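Should a chain be cited, it is by its letter among A, B, C and D, assigned in written order, with residues numbered from 1 in that chain.
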Amino acid sequence: MIDLRSDTVTTPDDRMRDAAQSAAVGDDVYREDPTVAELETTVADRLGTESALYFPSGTMANQVAVRVHTERGQEVLADRKSHVVKYELGGLADLSGLQVRMLDTDRGAPTPEQVAAGFVEEELHRPGTGLLCLENTHNARGGLAIDPERIAAAAEAAHDRDVPVHLDGARVFNAATALDIPVTELVDPVETVMISLSKGLGAPVGSMVAGPESFVEDARRTRKLFGGGMRQAGIIAAPALRALENVDGLERDHEHARVLAEGLTAVDGFDVQEPETNIVLADIAGTGLETEGVLNRLEERNVLATAFGPTTIRFCTHRDVSRSDIDAVLERIDDAF
Amino acid sequence: MIDLRSDTVTTPDDRMRDAAQSAAVGDDVYREDPTVAELETTVADRLGTESALYFPSGTMANQVAVRVHTERGQEVLADRKSHVVKYELGGLADLSGLQVRMLDTDRGAPTPEQVAAGFVEEELHRPGTGLLCLENTHNARGGLAIDPERIAAAAEAAHDRDVPVHLDGARVFNAATALDIPVTELVDPVETVMISLSKGLGAPVGSMVAGPESFVEDARRTRKLFGGGMRQAGIIAAPALRALENVDGLERDHEHARVLAEGLTAVDGFDVQEPETNIVLADIAGTGLETEGVLNRLEERNVLATAFGPTTIRFCTHRDVSRSDIDAVLERIDDAF
Amino acid sequence: MIDLRSDTVTTPDDRMRDAAQSAAVGDDVYREDPTVAELETTVADRLGTESALYFPSGTMANQVAVRVHTERGQEVLADRKSHVVKYELGGLADLSGLQVRMLDTDRGAPTPEQVAAGFVEEELHRPGTGLLCLENTHNARGGLAIDPERIAAAAEAAHDRDVPVHLDGARVFNAATALDIPVTELVDPVETVMISLSKGLGAPVGSMVAGPESFVEDARRTRKLFGGGMRQAGIIAAPALRALENVDGLERDHEHARVLAEGLTAVDGFDVQEPETNIVLADIAGTGLETEGVLNRLEERNVLATAFGPTTIRFCTHRDVSRSDIDAVLERIDDAF
Amino acid sequence: MIDLRSDTVTTPDDRMRDAAQSAAVGDDVYREDPTVAELETTVADRLGTESALYFPSGTMANQVAVRVHTERGQEVLADRKSHVVKYELGGLADLSGLQVRMLDTDRGAPTPEQVAAGFVEEELHRPGTGLLCLENTHNARGGLAIDPERIAAAAEAAHDRDVPVHLDGARVFNAATALDIPVTELVDPVETVMISLSKGLGAPVGSMVAGPESFVEDARRTRKLFGGGMRQAGIIAAPALRALENVDGLERDHEHARVLAEGLTAVDGFDVQEPETNIVLADIAGTGLETEGVLNRLEERNVLATAFGPTTIRFCTHRDVSRSDIDAVLERIDDAF
């Protein structure tokens, strides 16, 4: 089975497994796990922030970060297709009482004009805008790598209105790789960033929130509230530390995505969006089938992908998929359509 | 001062004041206020529903109705510019944990296709869509009277997905008047409707939620939770009953709006949206001023209107404004620009 | 029917009805209702606070006040039998995310030691105590009038820990009357106080929150969120203003309660708590009946009272009950048992 | 340093570390991690329930379980000193809108009479009681092992009122060990149970909720909402599986607690509660010091314990503490006082 459903399916390699086995651990609720501490320091250094905090999931990392930035009743500006809006179970409203003002953006990031238009001043009828939330790469729009100028311009428009900015950077290393810039160029313009270790980097578990020290301290308590305080978390922080060494490998995933996209373009009925990172979106309306039908036909040939709409399929390359896997996928799809 | 800020400023007339003075009252938390009971029965009859419930405000009426329809974490489909989204302080998220999926509609009501596209099936990542919320007339889009076919089509698209529909009908009698149809034609396609008594109808205080009896019973308890249980509310329900007799007068307000709009069209720099009911929106960008500047110039001439955007002003006609008031307003504006 | 269920059943007299009829009104959401403004100024003056705000119910007044004092997740210290805990539908948790630490107090007010013991310092595992909530008179404990020394001592214990104090003074004028002191002696030690106008004072609708001006400004917005923004509320604020003149009459209600209690003491099977204000609690276990049985027997004789537990009944005297009503009640109960 | 602060500090042994290294893994959000699946099946079998679910923390496991049992606004009956009340940051109120009715129980479990007295019927003023929450062993009351008769009696009183029961069994294997009964005797009377793997059993990370299959399915989605969906969680589930083999070792921890308690009884100024499991509470008022002073004096001698009140200290034995450690602790304390 060649699994292109998501880069979350990456499994830890031997180096990571060995790191888990030999990890120095302590009770991280007491802040005594040295491996977690090393991970947090390392991530903060890499991202150029004061501090960072380890979370069991990207959902919790995002939810906690947004909550710490805001007060209940405030509005959060976010692209309509962003992860916090679509895939986090309405948690911003449910757990934190926040109203999302959904923006229809061009490539996943609002223009300064859209930030200005979406911004709500605090007054009697409205608690006002409390946060701008960006996402890079932008998953639901096809893994788009948003360039630093757009990030900075959106952030500046927010800052001009005293609104802080959180970046859902679950795949921000993919973005930096695709843009061939230091990741700090994408992080510098925002107050806080979330990164996932368990996606393309291959860690078994975990995401981080990075930002100012006082923010991270508040996030630590909110993480406890959400049930994210883990004990000897060094066992999973150790492979996560190893995962940070895998950033260079992301370029290979992007290359695989380009090869895959090129091949899919030749398939009858497939309309393929040119990939910028490790995500390939294909509109399969031309096959005369709906998503489920296409996915079933692929699964019969031991290829897995993800439904992304009635006629849209997402293929996601990652470090557990080789160039020959990609070639095999293309052969099998060519055979199926 | 001629006050065109809102039809909420309508003051009770002598008939209403006399009704307040002589109202039969009881403790409505014990369900023993005969005047409130009469108001609730009368409204249910007029709207063709089983039951109705009296509220101190339209905001509470909407918030309670939406909450009773839904479970926390669910999504509510609503036009981006609807009152529940823009003017109720994020209460759906803050008080009830609901995420609003904002729709960009043509005239305030989504097409069936927009309902279908906005609908979210309940699954692991998403609690799903719990309610479609419509608004008629649509305030922020200029008092548009949405015809029953559009209401019914949107509702049917929701019902096809087992999603109930709530109509914010704060000004639904204005809509029925403008469309020259029985109000029941606008209410029949939906499960529940909110109507305001304190706007064009002239009651001092109060709005209603009308719908099935079991729904209204649930709403009664949620009203208590929100602090809407009033005691000898007959004192305000009595003038509200009289206000129901004022539906015929709404046509006059609409006529005034047409006269006003026609006159404003001639004013230098005013770009006026043709009114359908009692609301006139004017884009004043052409004056070279911003909203505040224009409002100030009007106020100096004893005319009040409302800011509706950086270059948009809302004028709202109502029963406390006469034809000669409208003429006076036009003269003064002509004088000012 | 002689109705001793609650002093909320009081109906407006002619003076109040005339006041409603002739009230000067305006749109109070725009802060332009002169009668509401006069009521708010008058109440603030009477209670010795900077400011006051009118609410459609005591539940909303309490819920908004507590919310404005606190942050979500904080703890509120309150007597286990207080109104905010027992009769407000869990609103503190449901609407504002607050955990109540219930205290088992002697006469409804905690001792300084109980405040100290219940206080929780903010730390990693606990957001800490955000408010002490007192109640005077204490309804569920039998209308107890808590003396200013106890109020002040509890408040001081809270203040020593930087915890503000809200007083649910729905019947604080009853307390001041019973203790024969100015009401300000009961209000001075606390930050904010809620008073009900619709109970013993006889107003048809309304309660107030009084406190510092900045607090009241915040409460104004939260009132809007809860749906408590009413339009021409002068119609009910005018009789409420008249109701403030009825404070002197409360002594008569207390006298009636004493007469009633004395009479009930002689009834077979009734164990009567000596009343301090207008509330009489009787344990009717000795009758061999449960509460419902006793209430039914009373209702057959046109006397209404309230169930307050499996064998406890509450009788509440008020301005619509005369001395001869009390005598009649005693005769009928004597006849029934 | 001999660390008696908590059994959460237990570190994984080599068997657990090897299990982590060689764990079969998959994406558990897709329900494809075989090790997590095995852990969940194994735990359900051990506890005699249909199903079980893995969580990153006991706090999340409790919070999710309580939420799935209840509706917002309902009341939860729980001992005043239970973990969900004291140590979970008010999450029941903050995240789920639940009001806790705190019970003052004798040994941590309410009597049937207390359940009956605390139960609130659903009615207009109250959403009613939605859950009884028990805890066994009871941490804050000194690790008390509550016998199955008390658990069953409390549960029956709840069930008689159609109220389900959740057991916070973070240390339920300690309870079963101390009572010398199968753990199922303590679990059978309740609907759902939470167990911790990271405390006395020694797993690095994780707790479980066990109960009916449909309940666990609902909990799976709520876990996602709270951010508890982890990816290749087999890396920590594998050592957790090994940890289940450590139940027999708990008897040794209890023996150590008895030895420690006996020794502490002889220390000047220490008043020691006789331990039932692995927790020893000592009131150190007799030393003339406050908790901090005593803890500091211990820390100077390389012994760690936990503050449990102004004059109460908790010592917690666990598998990383040997008999000679206990002897050393007693020597050092004898030396210090």
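One rule holds in what follows: a contact is a pair of C-beta atoms (placed from the backbone, for glycine too) under 8 Å apart; a residue touches a chain by one contact, two chains touch by 3 or more.
Keep in mind that what you see is a predicted model, and the values were worked out from it rather than measured.
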| item | value |
| --- | --- |
| Most remote chain, CA-based centroid, reference being subunit B | D |
| Chain pair, A-D or C-D, that carries the greater number of C-beta contacts | A-D |
| For subunit C paired with subunit D, centre-to-centre distance based on mean C-alpha positions, whole Å | 41 |
| Inter-chain centre distance, subunit B versus subunit D - centres from mean C-alpha coordinates, in Å | 52 |
| Distance between chain centroids, defined by C-alpha means - subunit A, subunit D (Å) | 34 |
| For subunit A, residues that touch 2 or more chains besides their own | 72-73, 88-89, 91, 94-95, 97, 125, 127, 221, 224-225 |
| Parts of subunit A lying in touch with subunit C, wherever the complex brings them together | 72-73, 97, 124-125, 127, 220-221, 224-225 |
| Residues of subunit B touching subunit C in the complex | 5-6, 8-12, 17-18, 20-23, 25-27, 29-30, 55-57, 59-61, 63-64, 88-91, 94-95, 198, 204-205, 221, 224-236, 239 |
| Subunit C - residues contacting subunit D, complex | 72-75, 85-95, 97-102, 104, 125-127 |
